[in-house]
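Okay, got some structures for you below.
The two complexes that follow have chain A in common; it is paired with chain B in the first and with chain C in the second.
Coming up: the complex of A and B.
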């Protein structure tokens, strides 16, 4: 078939790039985590991670922070998505631009902003010092609070946009019917909008959770060396201690954790789009 | 008559929006503020106003050198990702190839796979096969990450366009390549252009792949900033960051002009 051949020719450069530049390297790294120095199969690198309390602590911190970040994104994201859905298209456009701006700026730039705000003598410690809560040398840097703040800022749009997509499709007459039947505004939100928005909330949560588990620049700059997370630990093993097998094994663990959540996400979003 | 939205709730919603915007945009505003300081230290609000830190970065070869590398790389990634992404989108839209859904999954996989795993994989693969990482390694990494965005914006336009136009062109005697060049590509142009600007922005701001693949000759702007942040941040970082934020804002407005930011975000 002539047209089939043309389609194939057009897609060849992309397939080559993705094959050699993505598929082989990623497969390679997953295999590397299961290899020993002589090239045989081994689980020793995985076991090293899974039996060392230090690394289990890192895994636990990653999960804990991701849960906190996801929860904050839900609580703050639902009202914003509702306001955006019911506001004018103009307001919606401006809000989308504002919340995606941090996402589009470089991670190092926005993290630097947080360092200025949270560091010693920064905006927030300074304010807390002025109202007498803390002493002059107080800093919020190198705390889990700092990591959470920096991550919520950038992961928040994923939550808002996935809830927005669902809320925009809710028939406004359902809300009106609830009001006519005697619901107050807030009751209508709780009894009509919230239950119907659940698929969006779940999809957004899975996305935010997996993304927050795999970021490492913000946690390593804001949390510092004493608060390592899984992705940061992969970076340390790969570039500082040069233990590539161990870095690869940690990547396998990260990927398994992410896949467990991403598969239901893919199912969910296919259902809501299809 | 019930009030559509009770006024206390209206007021609360206004306050809430203000708080959200402060939280989301605050760090960027602070960075801009710091960049205009006349003082020697990173402080907000700035001490006095001056452009001295902008002069400092423009006369610093480490910043201008890094900016040049980032710019070269971003343009190369934009060209590569646009060509590859747009052709992939056209083929995926037609859906005639066997295993179209598998191909589509492969092209979009970099969106969901944690970038750190891809970065580590590319580093080990490159070292094992080619050796020392170079600008080419970064180009491969950034292009792979940018292609899905071009595919998404192009598909968004193609899915709403009239597919009989191409058939009409073919019936009128245009060859398959001519039909693509004169009918399909112009139809998809808003999507392709928006994708191109996305690709530029992604590469220009990217830090994870650049950190893993870094070597002294390929210090991009984000890496230069990262290194400074780890040691001693001074207001020159704020000046560079402000210029990068300005560029991003410009690109967002351009993308909104050519395609509509809502199409991309939705």
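Coming up: the complex of A and C.
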């Protein structure tokens, strides 16, 4: 009994913060999406979104880009995390610094960097022009490629660090045993390391997917007005056209959409643990 | 002794005067504009009239929201609007009407600047017109009309502004109008502007206009005259020209708030904002057009703003009607431009 009371006492500040700072405002916003101007319950805002191909297109772009970003983070993050885990502690430290250092810079500043690199006459279009692939005025700005590049850079550390934590705990002797039993290096990676690293990959994917589905600064700066994503659309409804009900309804859809996609995925993680 | 009494009496009198010094509360819009507003209007007025002016930084829409909230106990004496909010505020009885004969400068205002006074709105003290910004070193020929945007000579070097930006909205309404559309029928504009999309960069905010002229080889953009000046100041060879079909404009109004004491002084402040000297100084510093016909601009400044007889070509879309169609229009626009 005492320990329960002690637990409660310790957790009160956190619970209060969670309640007042998160639960109450978020519930308020979600309820707003189901209210009409007079305060009655209505699904009209949700239906406006769900029956309009334009908004469904925005939702699809959001999901599609988030999936691509997550996939790229996995493919590039797993090998890096493996090298970090198996390298010397000194190398690991330096790599961790390299990966987390960009987190110290504001996302907006990093995005402006991408604008310089991807814009007309920027490093990449210039190089492509010199190779003869594109004409002089070619720009990667305001393309989905630009959004993906900018977002992968922002979210990559989350993936690597999630996987690193898991790979570090894998017993190195398992790998050695696999090699002794006749596995090549790559086979050992595929048959031993990868399955054991799944929980880290799943945790990282959940983080990266949810963050990229709800980001709006990077997509709006790199994608521009013509490639709207859901978070950007919510922002516009809330601040530009002042349609708070509709903005809240879009938030409900974003939240439910992410949950529907992620819950089965998170289940996978539990199964691979057990 | 006498000297001390004298000094004490003087101090008492001075502190009495201090206590009685009236305060006017006004809003301004922050940034370089507010700085200039203080320097050209508020500070000289304080000195000349022994009054304290409290400036609150508040955009037009927020100012209207506050006026509504404070209806029973208003806190502002003079409010400035740029988004047509005065039409709504006057209709809701939040403003006190000012008669033209109460302002010494009213007789010199262009008719459009005092039209609203009959409806209980404040006079227009400054205007920024939306026309065509172009890079004079790059364009094959200088544009003269809104329809020039559809001239293929400008290739894919156009900038269009998203309608969630008020300059973008007004520019679009003008394009819609030159192709036969109205506030209630934006179809001609949407169709015509839709045809420009493959030749344009669509931007959201003012700094992007400058960025596109500087880095992305933009040649031509519908935007505001004061911003053309800002870009030119940054070193780009960008000029402003009014489209010959007319210039939609943003109207800055100075309005008297209802149910406040010191209305005589507040009217004097509004009158001061209408004076030719103040308006000429705003044109010189930031390229806003004067609404006082007596405001004299040197030729180099006059050529960069809508000035003189040209003010008769200013186009104003009814703010109340626009307010009704705005969100629907923005949604149609978003659907049009989304890839």
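Keep in mind that, in the parts below, the second predicted complex is superposed on the first by the 235 of 274 C-alpha atoms of A that agree within 3 Å, B and C clash if a C-alpha of one lies under 4 Å from a C-alpha of the other, contacts with A are read in each partner's own complex, and residues count from 1 in each chain.
Assume a contact is a pair of C-beta atoms (placed from the backbone, for glycine too) under 8 Å apart; a residue touches a chain by one contact, two chains touch by 3 or more.
Treat the numbers as computed from the prediction; the structure is a model and nothing was measured.
**Q** In the overlay, work out which of chain B or chain C sits against more residues of chain A.
**A** The larger set of chain A residues in touch belongs to B.
**Q** Classify the contacts of A:142 with the two partner chains as first (chain B alone), second (chain C alone), both, or neither.
**A** The second partner, chain C, only.
**Q** Could you look at A:98 and tell me whether it touches chain B, chain C, both or neither (first, second, both, neither)?
**A** first
**Q** Let me test your reading of the model: by the given contact rule, A:217 touches which partner, first (chain B), second (chain C), both or neither?
**A** Only chain B is touched by A:217; chain C is not.
**Q** Check whether A:201 is in contact with chain B, with chain C, with both or with neither, and answer first, second, both or neither.
**A** neither
**Q** Kindly classify A:156 by the partners it touches after superposition: chain B alone (first), chain C alone (second), both, or neither?
**A** Only chain B is touched by A:156; chain C is not.
**Q** On the A-aligned overlay, A:178 touches which partner chain: chain B = first, chain C = second, or both, or neither?
**A** In the superposition, A:178 contacts neither chain B nor chain C.
**Q** Thinking of the overlay built on chain A, is A:120 touched by chain B (first), by chain C (second), by both, or by neither?
**A** After superposition on chain A, A:120 lies in contact with chain C alone.
**Q** Go through chain A and flag every residue that touches chain B in one model and chain C in the other.
**A** 121.
**Q** Along chain B, where are the residues that touch chain A in the complex?
**A** Against chain A, the touching part of chain B is residues 2-6, 9, 13, 16-17, 20-21, 23-28, 30-31, 34, 42-44, 80, 83-85, 87-88, 90-91, 94, 96-97, 103, 106-107, 109-110, 112-118, 120-126, 128, 140-141, 143-144, 147, 176-177, 180, 201, 204-208, 211-212, 221-222, 225-226, 229-230, 233, 237-238, 241, 244-245, 248-249, 251-252, 256, 261-262, 265-266.
**Q** For a test of understanding, state which residues of chain C touch chain A in their complex under the given definition.
**A** Chain C residues touching chain A: 156, 162, 164, 197, 201-204, 215-217, 326-327, 330-331, 334-335, 337-339.
**Q** For a test of understanding, state which residues of chain A touch chain B in their complex under the given definition.
**A** 2-4, 6-8, 10-11, 13-15, 17-18, 21-30, 32, 76, 79-80, 83, 92-93, 95-102, 104-117, 121-123, 152-153, 156-157, 161, 165, 179, 184-186, 210, 213-214, 216-217, 221, 231, 234-235, 238-239, 244, 247-248, 251, 254-255, 258, 262
**Q** Residue numbers of chain A touching chain C in their complex, please.
**A** Against chain C, chain A makes touches at 54, 57-58, 119-121, 137, 139, 141-142, 220, 224-228, 236, 240-243.
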